[in-house]
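Taking it in order: structure first as structure tokens, then the write-up.
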């Protein structure tokens, strides 16, 4: 197993700031915006983006959390079920612009599940996607509106995103494994 | 029929008090000669069965079994039952009268005898009912049944229905010197019961059968045996309390004998965990304490004999919810193997075990059928040959019995019957046993 | 920002425990006697997520889409069956209700026959309620589907015990060391048995209170589960945190186990006065249906300490959690 660091703490900070600016630039009605972090690491990323947007544009954006376990399409093949965490969504998302936030975009299935979940909860005006890393290998026609970094990777590699809030350190690294891991 | 020499086995015959390496010659259905070691017999013309390394003992006698015929032939017949008995080393089996119709008259007994003669593989001795129709009302015609050849009376399946009936039975049977065998169960306490009453029945949510239910009727029967002087035999003793009662009664000189089954001597109520209907039996499997008391009873002769209570059922009968399954274990073919664990574990000696299955049951049956349960010269050549150390796995689908209902399925036992000889004929032989021409 | 009434743990800025696979080894749910404390906590956490789904205007998630769940009830039951049916439907499973009665058994269709039919029809999960103890265990031998025990004879009612535990947990999240009293016909109660296992596994001290004729043999004598016995209701209730009352069936008096219902009420009914001996914040539970005026006074049943209605609503969430945790563990 070998590890190569692609993004340091400084890189992550700058990238998130850039994404925050892009979100501000592309969304005229910031007041109608909600950031929704996909569990697990999408949540701290969404909070950091909200903090950046507030400091750049002086608008406080609500941050909600979404757990997609109940919407996965691969539950039958999983021997142990993922822990279902809390989904906490604003009273109404009808008519709002949602920006889904996740750490890694890979096959696109997690985002498909997240969109199904959102649509079960209401009728948003639009859904955009912000990811810290896009590693390619899409299996569904999903694309991110805001990408922190494109990291081409092979299926035998794993992109490990570590964040201070969950893992104690800010770092993005490629780890090559001997066996292929399941897509996210 | 040619003579047969059983050569070089370890002859254990508790009736004669012998345990020696030797050979036996069988001629015309009887034991004609015994020699030391591999000594050759005086006559010349015989076949030889090499019994080296094996135990040679009198054919095992089972005082309590259910052959189901007439009436429940899908569970067992005299043919299939006696085949199974032979595989288990039994040369004499006594069948209980809870058939349909029950054995409460001469015609029914004649039916058993003729079926046994034409289709039976080993000796079948019938037991007659205590009451007419086994209904627990008036006495059956014991005189007629005795003449027809029953060796005892019992309403087994049920206890003798009242103290009054039991007293009459013990009294009346004295004229024929035949024992009354009672299945001791106080029905008022056991209705709906499924297994031994205790912490396991509580955890499993099954209605329990308390030990007291057996002990109450054991006490009743002992008091009546004392009152009447009749011969009492207690079937399938299962509790420590029963053993204590019988021990004290014997000390007082009451004419009582008692039996225990292989499953009550080796298994406990824990077998029911998981709701295995093959462990459902009446009386139920009890606790370690009870097993220990029964083994002690074997050693001090409180328990005179071991009897299988072979109770076959069809697979479909037992393939259901625990509450709905019938009681009973198919026991002929696993009896010796499972009992040998007591010998291997040092609990009882091999000679004691063999006595409990040969000379002691023969004593209860008496002499009307010739010298059963012994290898004395002149006795019927009923012989069991077994390997005390051979390990084997219980595979119910290989049973000769139609009843595959055993809690020992898949279990590894140490001790196996290799050949069974009934009246001089080999009625069961393992493939590894070869009989050589002279 | 919207706020919850309860503290939303996802808003706390402390290092979250990294996502790890939960401890769950069950292919069937037959009883709580082999659940570890960690597994019970897994059920709690999953139940909380399911309660959130139940709070939405559209109570539905696609989690069990394509799965077939059969409710095989050999005993009549409205609330439990309804609870399971709703739980399955909210998870988008296909639900079939089979009200096999004991008479269909008499007609010759045995349990094993029925299971064979269900197996051939491709059932994933069978929710089974049966009057004979052990029937679900027998069932596991004759089908590849997962079996959920919705109550077997006197033996077990695991989903009831889990929803009882969850209801207690919502009010008193620190379960260890609490004192629980179960009052009623313990002998014939599968709810009592399963609760004994569940409560003691979570470190709760359990006392059984009932007439001696309704106490099964062997409890309180050093075997598992470890429970205390106290036939006097006032003494049993002293400083209790949790009071569970069980339904008394009229036939217990008919079968001679009790001299009269009247005497049972005098000695064992949970009244306000008796409840006063427990702690002021003690919870009152009942598996339902409630015999008001027999095992529990109407005032207590409807009083401020009663969580009987919460038990019912938690029941759906707990059953959703269990179906979720169980699904997908069938052989492919």
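Read from first to last, the chains carry the letters A, B and C; within each, the first residue is number 1.
Just so we're on the same page, a residue touches a chain if its C-beta (ideal position, glycine included) is under 8 Å from a C-beta of that chain, and two chains touch if they have at least 3 such contacts.
If you're wondering where the values come from, they're calculated on a predicted model, not measured in any experiment.
A.B. asks: Return the chain pair with more inter-chain C-beta contacts, choosing between B-C and A-C.
C.D. replies: Result of the comparison of B-C and A-C: A-C.
A.B. asks: Taking each chain's centre as the mean of its C-alpha atoms, which one lies nearest the mean of all protein C-alpha atoms here?
C.D. replies: Answer by centroid distance: C.
A.B. asks: Could you put a whole-Å number on the gap between the CA centroids of chain A and chain B?
C.D. replies: The separation of the two C-alpha centroids amounts to 75 Å.
A.B. asks: Quick one: chain B and chain C, Cα centre-to-centre, how many Å?
C.D. replies: Distance between chain centres: 47 Å.
A.B. asks: Just how far, in Å, is the C-alpha centre of chain C from the one of chain A?
C.D. replies: That gives a centre separation of 38 Å.
A.B. asks: On chain C, where are the residues touching two or more other chains?
C.D. replies: Expected reply: no residues.
A.B. asks: Touching residues of chain C toward chain A in the complex: what are they?
C.D. replies: Those residues of chain C that touch chain A are 1-2, 4, 8-10, 13, 15-16, 18-22, 24, 42, 45-46, 48-50, 52-53, 56, 58, 60-64, 91, 324-325, 327-329, 332.
A.B. asks: Would you pull the chain A residues touching chain C in the complex into a rising list?
C.D. replies: Within the complex, chain A contacts chain C at residues 39-40, 43, 60, 62-63, 65, 67, 69-72, 75-88, 90-91, 116-117, 120-121, 165-168.
A.B. asks: Taking the complex as given, what residues does chain B use to touch chain C?
C.D. replies: 197-206, 208, 274-275, 277, 319-324
A.B. asks: For the complex, which residues does chain C have touching chain B?
C.D. replies: 33, 110-112, 130, 132-135, 137-138, 152-156, 190, 193, 216-219, 221, 223
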